[in-house]
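The same chain A turns up in both complexes below, where it pairs with chain B and then with chain C.
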Partner chain A sequence: MAELLRLESVSRRFGGLHALDDVTLSIGAGEVLGLIGPNGAGKTTLVNVITGVHRASSGRVVFEGRDITRLRPYQTARAGLARTFQVVQPFPELSVLDNVRAAALFSANSAMREAQRVAEEQLAFVGLGEFASMPAANLTLAMRKRLELAKALAMRPKLLFLDEVNAGLNSAEIEQAMALIRRIADSGVTIVLIEHLMKVVLSVSSRVVVLHNGALIADGPPAQVVSDPHVVEAYLGKKYAQRAMEAAQ
Partner chain B sequence: MNAIDEVLRTPGEDGRTPGQRGRELLRIEGLQSGYGPVTVLWDIDLSVREGEITALIGSNGAGKSTLMRTISGLVPVRAGRMLWQGADVTGGDPAAVLRLGIAHVPEGRRLFSAMSVEENLLMGAYLRRPGAGDVDRDLERVYSIFPKLKERRRQAAGTLSGGEQQMCAIGRGLMSAPRLLMIDELSLGLSPLLVEQLVEALQSLNREGLTILVVEQDVVAALEVSSNAYVMDTGRVTQHGASDALLADPAVRRAYLGALAD
Partner chain C sequence: MSRHAKLALVVALVALAALPWIGEAYALRLGTVACMYAVLAVSWNVIGGMAGYPSFATAAFFGLGAYTGGVLLSKGTPLALAIGAAGSVAFAVAMLLGWVLLRLRGHYFAIASLAVAEVLRELTNSATDLTGGGMGLNIPLDLGSGNVADEATFFFLAMWALLLVAVLVVFAVERSRLGFGLACIRQNEAAADMIGVNATLYKALAFALSGLFVAMAGTLYAGWVHYIEPPDVYDVLFSVKPIVMVLLGGLGSTVGAVIGAFVFLGIEEFVWSNWLQVHSGVLGFLIVALLLFLPHGLISIRHRLRRAPDAAPAGMIREASHG
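Right, the complex of A and B next:
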């Protein structure tokens, strides 16, 4: 598998706090990488450092062989890295379609007609086609999460970070979201999935890494990682581990 | 057995007899509310009994958050009544509702981001007498439930991770020493281990007498932790009863558990 993104000893400090501590990681094209870890472990900070929101205090970020450590967010976005945000913030008064069109226009500097086409295509893909003319403010949370996805996809990313896109959704809505994530992966987009819902992590990821206190403590196939005693202790809890064990038998 | 005893010993639709139930703390009758020209809640009846954990479940957009926002006075009541221990308290503003003993942990955390974690927690206690020993005791209790918050107590709340902000919001709700704690989206953004610890902490507070009304998307978890539940759909209560009965109800399983129900 060709390497798409590589982190070389990436650290990020905020004052005295080591938010990321010597993280080395390689992500191959086509992977769906589950990124899990306790609250405050540094998961979102990792995405922020890769996408240029924060700059690494030390270490290098390499994307498609090119050093992107010092790029700004708009530059990493145009290079092919897109992300969703935990707290979704569409332009509330703009229509659903215009929200996605803005993302399409931004990423490729493309003509309005092309942006229109891409936006319509992505809205249909996430199942929001019939709500295109509605103000974004009127969407339910589940729909706003899908709008967030459509905005990210309209930028034609090679690598997509999904930061808790399933949080706040109920089980039926999660089923739909999981199917959508699989279809995005099938279309050739490499995905980093930050998620606390283990059902989603285990069924969608091809590989799982665990961040704890800013450092990677596990990396491997999903089933192996969730049975790792360190991961159980730091993240899953004994009750979950027991339930997972029973379910596996 | 006389007639009154018979009534007291006959299980109601929640499967429990009146004697087994706590006193009614909050009662909502025929409640309507909404935003601007849009009516969101229609004719809601709801009863929360003292010492119990009551769950609100239903799809996104069903009106669960709006119901909590209406109870806490953030959204005006358009019709119907709200009774607190039998007294009509309809139309109270948020400060009056908090003074009654109802705390609201809103969806989306809503912290004071430039203030420190500890200042946020103390804001939860702003109606209480400053310097009172019990405020310090409650602060220590919040820190014992969420040790991460103690580590970060001098840090600006806006710099916390998403999950830590959720802990801080729940902690702030507890700091008003409420009789009724309303939590909108209990587990949102929290790790499995932390959800387990939080549920245990809330169950322990509940055993000490705290009444809880909770919105939770994980329907199985919501029904396991609660004794009663209300199912909402498009602004109405469509079903209510004992949580274990709802958990076994095929219609509820089909509607909210998706493929998990099979």
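Right, the complex of A and C next:
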């Protein structure tokens, strides 16, 4: 599998806090990578460092063989990295269609008409076609999450970060979202899925990495990672990890 | 903004050109000031209304344009050339300043932009050889006719033409990629960054556009009044008034900015002529009252008449929810 993104000893400090501590990671093209970890583990910081919102304090980020460590967010966006935000970030006054159109227009330097076509296509894909002319502020949370997804997809990303796309959704909505994620993965987009819901991570991901206190503590197939004692300890504490180990033996 | 409103504005502006043939000297003077105010308001709306950055740098650009053009005029440069030079200088200065200052947001940007005029005023004061410093600068502009009425007509038409050009350029910007990008930046800058909008460049361009026509108006003003001094052209009121005009007309709307400027001048003249002793106080009171009872500006009256009173027009949602 060809390597798409590589992190080389990436660290990010905020004052005395090591939000990311010497993270080395390689993501292959076509993977669906689950990125999990307890609250405050540094998952969103990792996405922020890769996309250029924060700059790495040390280490290198390499995308398609090109060093993108020092690129700004709009530049990484044009290079082919897209993300959805944990807290949805629509342009509230713009219509749903214009939200997506903006993403298509500015990420690819495409013509207005081409952007319009891409936007309509992606809105239909996420199932928001009939709400195209509505102001984005009027959408429900589940629809806003899908709008985020449509915006990210309209950028024609090579690598897509999905930051908690399922948070706050009910189980029916989660089913819909999972089906969408699978279809996006099938279309050849590499996905990094940041998720708290284990059910989603385990069923969609081809590989899972675990972040704890800013450091990677596990990397492997989903089933293997969730039974890793270090991972259990990170989530549930030492005592429970021991008990789980004993139970397994 | 609907295309009808834009078309109506352009038609009204074109009709305004008839003023020299129907009005006397007072109307002509008022018309010139009205066009100048409208240029300032339309320009401020680009950075303040479209990009959402509350700039107090209008006076800086006005003074910079007045002095750049004024100095050139006093050395015998033709007016058109002086205007072009003032516009270019202001555009370049605003671009550079914007690249730095627009990293600040909200109140911090407002304060920083306020300082620009003060710095320029001090520089103008101390560059005595070039600008005359505190003595002011005489601009003996000779238009060839020597007739006072002809000169008044000329400067009215020049200011009017500048307003028309400014309005048409800003209309074009609204429809362009730049305008779309600025709308994204205003609503959510982090999200705009994330979809590939080069926010730093776009904001600097917006700032530069907001300086361009103001500086040109400054040169025309200098030629018109024949004498400028730093406290006059770097007056902080040149920064504050355009903001009030835009808020009066409707934040973010070019048509609203022009209406706001004209209405503001009307109120200003009316109050000034009726309550000479306390006119500033009365003007302030009226403006506060208008903004309180018509927070989305005069332009929103249209929507109020057409729709239910609680249905704010789509463009106003942000202002409503953020106060």
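Going forward, the second predicted complex is superposed on the first by the 235 of 249 C-alpha atoms of A that agree within 3 Å, B and C clash if a C-alpha of one lies under 4 Å from a C-alpha of the other, contacts with A are read in each partner's own complex, and residues count from 1 in each chain.
In this section, a residue touches a chain if its C-beta (ideal position, glycine included) is under 8 Å from a C-beta of that chain, and two chains touch if they have at least 3 such contacts.
Predicted, not measured: the structure shown is a model, and the values here were computed from it.
Per the definitions stated earlier, placing chain B and chain C onto a shared chain A by superposition produces no clash, and the two fit side by side.
Legend: residue contacts after superposition of the two complexes on their common chain; A:151 is shown touching chain C, with no touch to chain B.
In the superposition on chain A, contact is made by A:78 with chain C only, not with chain B.
In the superposition on chain A, A:46 contacts neither chain B nor chain C. Residue contacts after overlaying the shared chain place A:177 against neither chain B nor chain C. By the touch criterion defined above, A:240 lies against chain B but remains apart from chain C after alignment on the C-alpha atoms of chain A. Here's the short version: in the overlay, chain B gets within 6 Å of chain C at its closest Cα pair. On chain A, the patch touched by chain B and the patch touched by chain C do not overlap at any residue.
Against chain C, the residues of chain A that register as touching in their complex are 51, 53, 72-74, 77-78, 82-83, 85, 89-95, 98, 102-103, 105-108, 112, 135, 137, 151, 155.
Put simply, chain A touches chain B in their complex at residues 14, 36-41, 43-44, 86-87, 140-143, 164, 167-175, 196, 198, 234-237, 239-240. Note for the complex: chain B touches chain A at residues 57, 59-61, 107-108, 148, 152, 159-164, 166-167, 185, 187-197, 217-220, 255-260. Within the complex, the chain C residues that touch chain A are 177, 180-181, 183-184, 187-188, 190-199, 314-315, 317-318.
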